Amino acid sequence: MYGRSIRYGVLHIPIEIEGIRRGAIMLGDTLFLQFIQQLINGISLGSIYALIALGYTMVYGIMKLINFAHGDVYMVGAYVGFFAATAVRLPFFPSILLAMVVTGVLGMAVERLAYKPLRHSPKIAILTTAIGVSLFLEYTTMLVLTPQPRTFPPLLPETIYTVGGLIVSFQQLVILVVSIILMILLTYVVNHTKMGKAMRAVSYDPDAAQLMGINVDKTISFTFFVGSSLAGAAGVLVGIYYNSIEPLMGIMPGMKAFIAAVLGGIGIIPGAMAGGLILGIVEALISGFISSTFRDAAAFAILIIILLIKPTGLLGKNEHEKV
Amino acid sequence: MMIKRLRKQDAIFLLISFVVFAVFQFLISERILSSFWRLNIAVICLNIILASSLNLINGITGQFSLGHAGFMAVGAYVSAVCTMFFHLPFICSILAGAAAAGVLGFCIGVPTLHLQGDYLAIATLGMGEIIRITILNIPQIGGASGMSGIPTETTFTWLFFCMIVTLFVLKNIINSNQGRACLSVRENDIAASAMGINTTEFKVFAFTVASIFAGLAGGLFSHYFGIAHPSSFTFMRSFDIMTMVVLGGLGSLSGSIIGAVILTFIAAVMQSYPEYRMIVYALLLIILMLYRPNGICGDKELVNVILGRFKKGGKNDGTVAENK
Amino acid sequence: GGSEGKKADTIKLGANLELTGNSASYGASAKNGIEMAVKEINDNGGLLGKKVEVDFADNRSEATEAANAMQKLLDDKVDLIIGPDTSSGVLACVSTADKEKIPLLTPFGTNPDITVDPATKQVRPYVFRAAFIDTFQGKVMATFVTNQLHAKTAAVYVDNSSDYSKGLQKFFVEEFQKSGGNVVASEAYLQKDTDFKAALTKIKASNPDVIFVPGYYQEVGMIIKQAREMGITQPIVGGDGWDSSKLAEIAGAANLENCYFANHYSADDTSEKVKTFVANYQKAYNQKADAPAALAYDSVMIVAKAIKDANSIDKDKVREALGKIKDFDVVSGKITFNEFHDPVKSAVILTFKGGQQAFVTKIAP
Amino acid sequence: MEPLLKTSNLSKSFGGIKAVQDFNIYLHSGELVGLIGPNGAGKTTAFNLLTGVYTPTTGTIEFDGKSLVGLKPYKITKLGIARTFQNIRLFDKLTVLDNVKIAYHYHIKYTLPEAILRIGRYGSEEELVEKKAIELLSIFNLTDKKEELASNLPYGQQRRLEIARALAVQPKLLLLDEPAAGMNPQETKELMDMISWIRKTFDLTILLIEHDMSLVMGICERIYVLEFGKMLAHGTPDEIKSNTEVIKAYLGEEV
Amino acid sequence: MPMLQLEDINVYYGAIHALKGITLSVEEGQIVSLIGANGAGKTTTLRTISGLLRSKTGGITFFDKPLQKKSAEYIVCSGISHCPEGRRIFANMTVSENLEMGAFTRKDKKEVAATLKTVYEHFPRLKERMFQMAGTLSGGEQQMLAMGRALMSKPKLLLLDEPSMGLAPLLVKEIFTIIKEIHEIGTTVLLVEQNARMALSISDYAYVLETGKISLQGEARALSESEDVKKAYLGG
């Protein structure tokens, strides 16, 4: 029973944690185990949403722009990682780094070419352009690389840990840890560094920020670089985790990440993390205990209910305009 | 006096519509237009209804809705159920679809319209998806396979007629006390409520009216193609409609018409180059937006833009309809 | 309809395909298959001495757009229409095909209503298909799991956004229950989903003898992979949507042990036809052929045969010739059209050995 | 005589900050009263309480015999209170004329079907509104700007338009929040004349906040002084001018 | 040589010609005020100096260095700080964060801390409200914050756009006192004011702007005695 085993080619490593096992025995049925397992599933799914939502929320924070192309930048990141790992045969770290740089530059370029000229236009105009950019990225990729899915090489070990009947994979842990680290890092950057303060100033009032001597263009570019490279990193990680990528893979995660960001309070970095995790957990619990057919509907419904109770998201401040 | 001028304006509007109708009807009945273009003209009519009604929410009232496809779906399915299961006459089914969408729009609008900006956008987008997923899970109306074999009773005449009604109603709403209230909500809702305007009421009003027309479009849609399928009502369609509104110019009805015509036309022409279709469409969208960030018409009506060119100061004639 | 007065030195096929949108990967394969078939025909001197041309139209994987694309093809005066691939897309086109009296052959549309109008129970005169219908496949798999895998209980995990998947599920469940089986869990996912662990956890808890996943290879690959990671060891079975070399890549070769699916043909079939097709396809597109590609290829071949038999491209004659096709050898088997315009061909059940498809059994209709 | 407006012990706090505390004022019909006080004293907050933008933490407001506490702003407007804003809030992208027409909103009685078909009362009422709006604009010297977008007006004219718009509501009580802010002395003088004139012509009661003492002392009959949310003094302009506490807290040595 | 020199400045907002060939100069160590009616172009002038707007023609020099095509960032670094009309404080940041933003271009933390101390001395109210969100401050408090923030860059030339707008009389006086103090510690000030009387009383030199053109200029005292100015801007 103990010790490593290989089932279906996957390395399973059992780990014994007394607490969980006893908890399960105490409750006396598998429902408890199932519940914990669903929580794990939810957290792992949620940390993926969070990972994408972090970049989303950053870009939103500075331009108040729902950047619909973010999901597609994530897709491009996945492809860059894929080619780095297959064509160039780079290992994990160089691959992800390359993907981050490429998507970061891509994000900056998109901002420069498509969003910057519209900075003083109605927000919805930029939003429409973002939809255009999104379609452009999707279908250019499709034209160049065909719509067929590609399979990612296993850049990370596919080890599975079993803890008293619960199952966690190494990759899930990596994604969770990476997203937590990034969240902490970003929160620090935004709140405590000069660049972060510049970002907040620009986000509130670009003109006034300029008067402080802040280079608005540079700040926005930087934000797009960081936000997009986060998307790129997410693309590679998720590509490895699910091991299948295709040109339209960004649409749904992009949408979910956006929901996650809004759920947590859009523009707020810990909010993106919280929103992502909550969304993931809710989806898992609903699939697990109610019905998977209504999973997405329920996710949306919960989002709406939370917004109705707290109109600016969970961590959002209820900013009433001072009259 | 003024009212006479306004009625005359309505008459001119109807006359022009009739002429346009006659021309197209001729082209269609004489089969000068190929079936492909006949179909695309129908699609244009549908898109005009959808875009101009969404404009009432997004352009006139300044609320950000991304759920129009959901209401369209409700109209499509309810009307299809009416004709197929209850064998109601076509017109009744269409109206039932529109009414159902309106009721749902009202019910959804009341709670959600307290939300603002992007939060409202995501909530409406969610509503649209909830509607779609719900449909997907009702086997009686076909679930994932959708409904097919719906009698194809929507003719060009019907479409055109409904489109004109939509435009006429929207135009006159916008130029009324109610329409001004909607505009004031868009401009500054704190000031609007200080003027005695119940802002929530008018947000819900605009949302409901727009949903009714989206439902109407849905009913016409399902009875034109003979099918109602969940894949026709994804958020991508809501985006499409929004794109038409923005491209035409937020707050401009003629803009919505132009936006709908241009984007549908581009999509149709590009049909011959399937691989490049979406890329070209996307590029054109980006370029058009960069070139005219406020939309083709801005927030003005085409008539005013043209009139303003010809007779300077002509905009000062004090008509209600002209100055928005 | 009339081809009279049209000076035709080419035969024009219209292909109404999912080139963009959600199902773009099927559209792309189908396009490859069609182009390859046409090239072969033209290299061998064409049809009735004429060159064959294809006019592609994109339907964005959406039903109404499919109707739109169909009009576009009619506008271009094509002689025959192949596609769409998705059942909902085809359903949007069938009445037009009958009205305009133009033969339509869908490579991949599996819904029974495509060829038979459910309202009137009449066969649609101009509409044909190259694939199995859902009823047949569902039954085949139910028979297989009861008889060969001795399953008493099953979990079903269906693609809720695909009528193909739901069709298979419906007929599988009907047949499975009829033969005394019990469905202990019924879960659903949507196309483009990537995370299936929640539903799989639930399925695992219900401890079924077999898991039926009628879906397309992309999601199925991930489902199998995640199921195995979750420690689900039961056999997983499915339909022809599984057929793609990508499945093994996505799921991982080892994970595919103890998985079975129904298919039209077996790639390691010794038949010359299959072998050359697979080899040629690999050469031309640097990809392994999958089911959409094979069926699209077959569709062109079937249509070509009908035209040859009719010795004319008169639409009515072609239609009649299509209806009469019998024991015609194509990549996906030996085809005979029955009175419902559905192909009668036997299904093969395949499994995987080291990631390679392996023949298990053949089930006749 | 019962006062038109009477508040008792009105208070509002934001988190820890007590912005307004035990605010007691009364206004008789036809009075022109000033509300002054240092920045942050809570004057605007008091306005916001009176117009329903904020709900009071405690206290009551009685206007024309009705309690206003808990009512939504639009309901309070309908009861007859109109206001202007410290930071101008016009309908920026609408014409000057439409800005005023909107303010007539609840006086217009035609129904939606009448509007859609342009039948019934639609014509007559629209004409009437148009006429009234233009009259009002001419009072404020804005007639030739009626087709301009509100945002294109210079600041001074925007302030005037805001007052015109508030009058279009046809209120009994008009609340003006720093109407002279951003005006030079000459413009302020013109504004003073205008305020006195409209009060007479429209038979209004006016409560105004202002930091420009020439205006406040020049036209107000009574003045309330707020400091740190509490009432510091109350009296005629002369009393206030010589009140040492007010001088210390607000006016500075000489006025 | 003047510290700041504007030469033939023409600024457009789309089709609107807002500044029509303005030439003005500010001598080091002076307070110069710019007065004029609403919409005359005062704000536009300041925004052009600080690089938020671009002039079509002419040039701006600061200590003989051309500023014309330079970024706002460069202009701040070279010693010009602009306290904008309408305050434009960062409402979503606390008071102290706003002040920090004012010192964005400065590197030396110790010196910044020293400046911060003097700013708090000028505006004790800001110190009390250090951690309040700036958006919830009252009008006057916000104005103080805006000025304090402008001072944080330790400018050689301070551009003030209507600093007394919306302030209580006592504070107006205070603000003008502060302006004088700032001036005394060696900051040159270019002041835009509606409160022309006060402005002229503390200025050395003044310009009168009328629909985008300089219509009058001269010693402040002389201007405040001119009949035209009295009638148009000082309320008779």
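We just call them A, B, C, D and E in the order they show up, numbering each chain from 1.
By our rule, a contact is a pair of C-beta atoms (placed from the backbone, for glycine too) under 8 Å apart; a residue touches a chain by one contact, two chains touch by 3 or more.
Treat the numbers as computed from the prediction; the structure is a model and nothing was measured.
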item: Chain E and chain B - chains in contact with each; value: A, D
item: Longest centre-to-centre distance from chain B, chain (CA-based); value: E
item: Pair joined by more contacting C-beta pairs (A-E or D-E); value: D-E
item: Centroid comparison with chain A (C-alpha atoms), farthest chain; value: D
item: Distance from chain B to chain A - Cα centre to Cα centre, in angstrom; value: 34
item: Mean-CA-position distance for chain C and chain A (Å); value: 35
item: Distance from chain E to chain C - Cα centre to Cα centre, in angstrom; value: 74
item: Chain A residues counted as touching two or more neighbouring chains; value: 139, 142, 293, 296, 323
item: Set of chain C residues in contact with two or more other chains; value: 20, 22, 160
item: Overlap residues in chain B, where contacts from two or more other chains coincide; value: 136-137, 190, 275, 277-278
item: Residue ranges of chain B touching chain A (in the complex, touch as defined); value: 58, 64, 111-112, 114-116, 118-119, 121-123, 126-127, 129-130, 133-134, 136-137, 190, 235, 239, 242-243, 246-247, 250, 275-279, 281-283, 285-286, 289-290, 293-295
item: Touching residues on chain B, where the partner in the complex is chain C; value: 34-40, 43, 136-137, 143-146, 148-149, 152, 221, 225-227, 229-232, 268, 271-272, 274-275, 277-278
item: Complex contacts: residues of chain E adjacent to chain D; value: 35, 37-39, 136-141, 143, 162, 165-173, 194-197, 231-236
item: Residue ranges of chain C touching chain B (in the complex, touch as defined); value: 17, 19-20, 22, 56-58, 61-64, 67-69, 71-72, 74-75, 87-88, 91-92, 95, 100, 111, 113, 117-119, 159-163, 165-167
item: Chain D to chain B touching residues, read off their complex; value: 51, 53, 72-74, 77-78, 82-83, 85, 89-95, 97-98, 101-106, 108, 110, 112, 115-118, 122-127, 129-130, 146-147, 165-166, 169
